[in-house]
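Each of the two complexes below includes subunit A, the first together with subunit B, the second together with subunit C.
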Partner chain A sequence: MSKSKQKEEVKSYNVLIVDDNEQITKMLTTFLELKEHKCTVANDGREGLAAIKENKYDVVLLDLAMPEFDGYAVIKDLEDNDLLKEHKIIVFTASTITQEELDELVNRGVTSYVLKPIDIDQLLAKIIETADS
Partner chain B sequence: MLPIKHTLFLVSGVSSFIIFYMGIVNYLTSVEGVTGVILLIFSVFVATGTLLGTVYISRSITKPIEKLAQNMTEFSKHNKMTGKNQIKTNVKEIFELNENFESMGEKVETTIEVQNEYVQKLKDMDRKKLEFSSMVSHELKTPLVPILGYVQMLQKKELLGDLNEKQTEAVNEIYSSTVKLQRLVGDILTTQKLDLGKLDFNQEEIKVSELLESIIKEFTPITEEKKILLNLEMFEDVKIFSDRDRINQVFSNLIKNAIDFVTSGSGVVTIGCREDKEFVKFFVQDNGVGISDENQKEIFKKFYQIDTSTSRKRSGSGLGLAICKGIIEGLGGQIWVKSEEKVQTTFFFKIPKKPLTITAKATE
Partner chain C sequence: MLSFNVTVSMTITETVEEGMFQTENPINELNRMLVRYDLTPNQAKVYLFLSKIGIKTASEIAKALKLPRTETYHLLSTLQQKGIIFSVFGKPTKFNAVGIEESLEILINNEKNRISELESGKEAITRLWNVIPKYSESNSDDQENKFQSLQGRNSILVKLEQMVKESKENILVLGTELDFKRFYYTEFTDLLNKTKSDLKILTDLSPEESHVFEDIPVKKIKKIEDKNREDFCFIIKDNSEVIFFISNKEVKDMLAVWTDSKAFVTTLRSLFSLMWKKSHHIDETDAESILGSEITYEHRLREIEQEKMILNYLQENFQLLENNGGIRK
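Entry: the complex of A and B
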């Protein structure tokens, strides 16, 4: 009984990480896999967009500043194809971005945002909260 | 003020009248009728001539002067030579006056152009500065993500396994330095934005009691851990129109400072507010080491850190109070400190209750 209850608490989520910084993706993968979540990594925007369109992820962590095809381009493409609201996307950025710009992204259909660098426990809480929403 | 026209007419009118009058007197008193008539006719001619001459002279002087005056008014309005009224004159002085005015106008025009170029260049420089610091901040934050992540993982033995005591200590040191670096990066960008007037402020209705209670809630775990008492002293609950996040940031900086300067076990930090006419006056008080008069003048400057012999742990970036000052002033308020060494320190800041009008913001 207690075992099944524990299993319920530690749900495993399918997380897509779209970030061009390999050290970040490696750290996040290590952490999330230790926390029993499944991680897929896309190293640029195009790869990320293709992955989002191909599979349904519980949560997508999307970096904004990436060379060539950046996070904004991914959001724009999803928006143009009416797919943005179908996915749970957390914008994960170190860019200098104003509160208004963040609010605007949320208004357009991005689920949430997290500013780098962040406490990994807070990040995990955000991922779980977003996946459960 | 008397226009030239009127003066000329007055003078010529009087002289014409005298000439004419003398002609009549001559005519009436002259014995020989013919001489009298000739003198009378002559006086009429001279008087009329004087008047006509005056009209001509008056026109050739006043017309160009009036035009010149108009040109000057136009110029002072637009800071530009319009060339609308071409001035044609035979009067040497007016001609020279106009020449001088035109060359002066051209010089002013070029000066203004050069000045505008400089203003534009300075604006571009400000923009580039901000772009640069935004970029630097992005580049610094990015590697902090894996550093912070791995350190935190190392701190959790269930994730990466047990560490011995020395390793734990080392990891904890790395962690606190990383957090400090993270804060510094954020503070530098905020300072840069404040300097360039690019920090945006919100205007929202804030219930002061809610604001203060949430701050107490946020800091209680930290003060409890350090065995410091955190009190709330509120006199009136008021509503203000201001920026909640920014006020929070100021409180957070002041409370963190206070925690650093009180003694664990006997330290007391009190936050609160009271109404002060058009303002709400907030305060953060601690019973720490205090700040000398000399230091009180300097602490709001960037990178100023009090060099205490009490070897307190200095955890800040040295930008905290400069940021507080910038934020409070940006919100239309004031910040100051009162302190008695070894007794207590109180930071006060007052914030207007009503939203800032656009004009008040523009004069900052």
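Entry: the complex of A and C
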């Protein structure tokens, strides 16, 4: 396979990371950009919600536990405005959360979830799988 | 002679027992409790009298309970309609009471039937109401802030339940365990448990004592840290309504004020928000609280582990970049 053919197969996705942990958002941005994806960061729920409403992202990585306006509030707002199912949202959380609660989020319209810590290659695979779905 | 003695002894017993219905004693407490089953105080009095003393004529009941005779007939008629007393044929007509357990069952069923009749009538009333056009001179009523005084547990409970049902965004609850014990086993606590709104409860509960909110996830409850604020009790629905309780030692009933005043709601929301920030979850240790009230120690550990994983990957790649003059992708 020629190099140009290989280059064509690498899809570039537009990813929004909503997480109050700046270490994670910075490093994840570097990682995703290394993989030729475009990254936008929102460090709190309100900022993230505004970004989701204003722009179109292939995937949104959404942390749940954030001060003030958390990931649940973002999901609820999108749900109330019938926007939740229009976006591909991966809940990306370190919270203690039961399988039942995760299933409920998916039932409500969240696309998928990953629990921190997750292997970085698996996370990337999840992002691509979700964006392609 | 024997007959005379029996009669005398019965008369004394009855006089003593009948006296119980006229002065302050435990039977009055029973009387008050029966009033909750849709009996008037005098209806309850007559029922209890008959159930304890036994078969009596209307005039005997009126005399013993010091009730006007005409009223006694009305009371007996109503109690018969309710099905908790019955008449014994004879002249004069005598009355007797159905047993207490059966009577309570009958009264509860009567109430249930009444509620289901009310429920079935609701739709018809609303339909008719909508048929009549509204002749409002202005819409100023819609714009003005409304204040409603609520007295008594039931009227407060109805409003609270309505607020929780209608809430779309969040419900903020502040009050002591004692405040909310008054609503334990009511639909209000059930609705709080089931609400889809973002629920936040600030209270003085400790994990060992948290009976009232036992079904609510602990992450939604924080312990009031500010002792000066423990007298406050209010519930805020979204950004639109609030009920705050008023303590008044002179008034026996519970008192509260409901309002949709924006200024009030905003002020109390700000107060709640400040207190929420300063408070800790009830299952949180001091070490955990240092890391932020929303974030537990385990949560933070998982985040650090995630940071490490990404960092390791990046370090490997940048070493490769340095060694090979390119980045592995």
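Criterion: the second predicted complex is superposed on the first by the 126 of 133 C-alpha atoms of A that agree within 3 Å, B and C clash if a C-alpha of one lies under 4 Å from a C-alpha of the other, contacts with A are read in each partner's own complex, and residues count from 1 in each chain.
Operating definition for what follows: contacts are C-beta pairs under 8 Å (C-beta built on N, C-alpha and C of every residue); 3 or more make two chains touch, one makes a residue touch a chain.
Treat the numbers as computed from the prediction; the structure is a model and nothing was measured.
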Checklist line | subunit A as common anchor, with subunit B and subunit C clashing or fitting | finding: clash
Next item on the list: Once the structures are superposed on A, label A:T30 by its partner contacts, choosing first (subunit B), second (subunit C), both or neither.
Entry: both
Next item on the list: Check the residue A:A94 against both partner chains and state whether it touches subunit B (first), subunit C (second), both, or neither.
Entry: both
Next item on the list: Go through the superposed model and pick first if A:A73 touches only subunit B, second if only subunit C, both, or neither.
Entry: second
Next item on the list: For A:A65, decide between first (touching subunit B), second (touching subunit C), both and neither.
Entry: both
Next item on the list: Applying the touch criterion given at the start, work out whether A:T40 contacts subunit B, subunit C, both or neither, answering first, second, both or neither.
Entry: neither
Notebook entry, point to check: Now for A:N14: first (subunit B), second (subunit C), both, or neither, which partner does it touch?
Noted result: neither
Notebook entry, point to check: In the superposed model, where does subunit B crash into subunit C, at 151-159, 259-267, 313-321 or 349-357?
Noted result: 151-159
Notebook entry, point to check: If you lay the two complexes on top of each other, which residues of subunit A touch subunit B in one and subunit C in the other?
Noted result: 21, 23-24, 27-28, 30-31, 34-35, 65, 94-96, 116-120
Item checked: Residues of subunit A that touch subunit C when the two form their complex -> 10, 21, 23-24, 27-28, 30-31, 34-36, 65-67, 70, 72-73, 76, 80, 94-96, 115-120
Notebook entry, point to check: In the complex of these two chains, what residues of subunit B are touching subunit A?
Noted result: 134, 137-138, 141-150, 152-153, 159-160, 182, 189, 200, 202, 245
Next item on the list: Provide the residue numbers of subunit C that touch subunit A in the complex, in ascending order.
Entry: 168-169, 196, 198, 292, 294-296, 298-300, 302-303, 305-311, 313-314, 317, 327, 329
Note to self: Taking the touch rule as given, give the residues of subunit A at its contact with subunit B in the complex, in rising order.
What the structure shows: 21, 23-24, 26-28, 30-31, 34-35, 65, 94-96, 98-100, 116-121
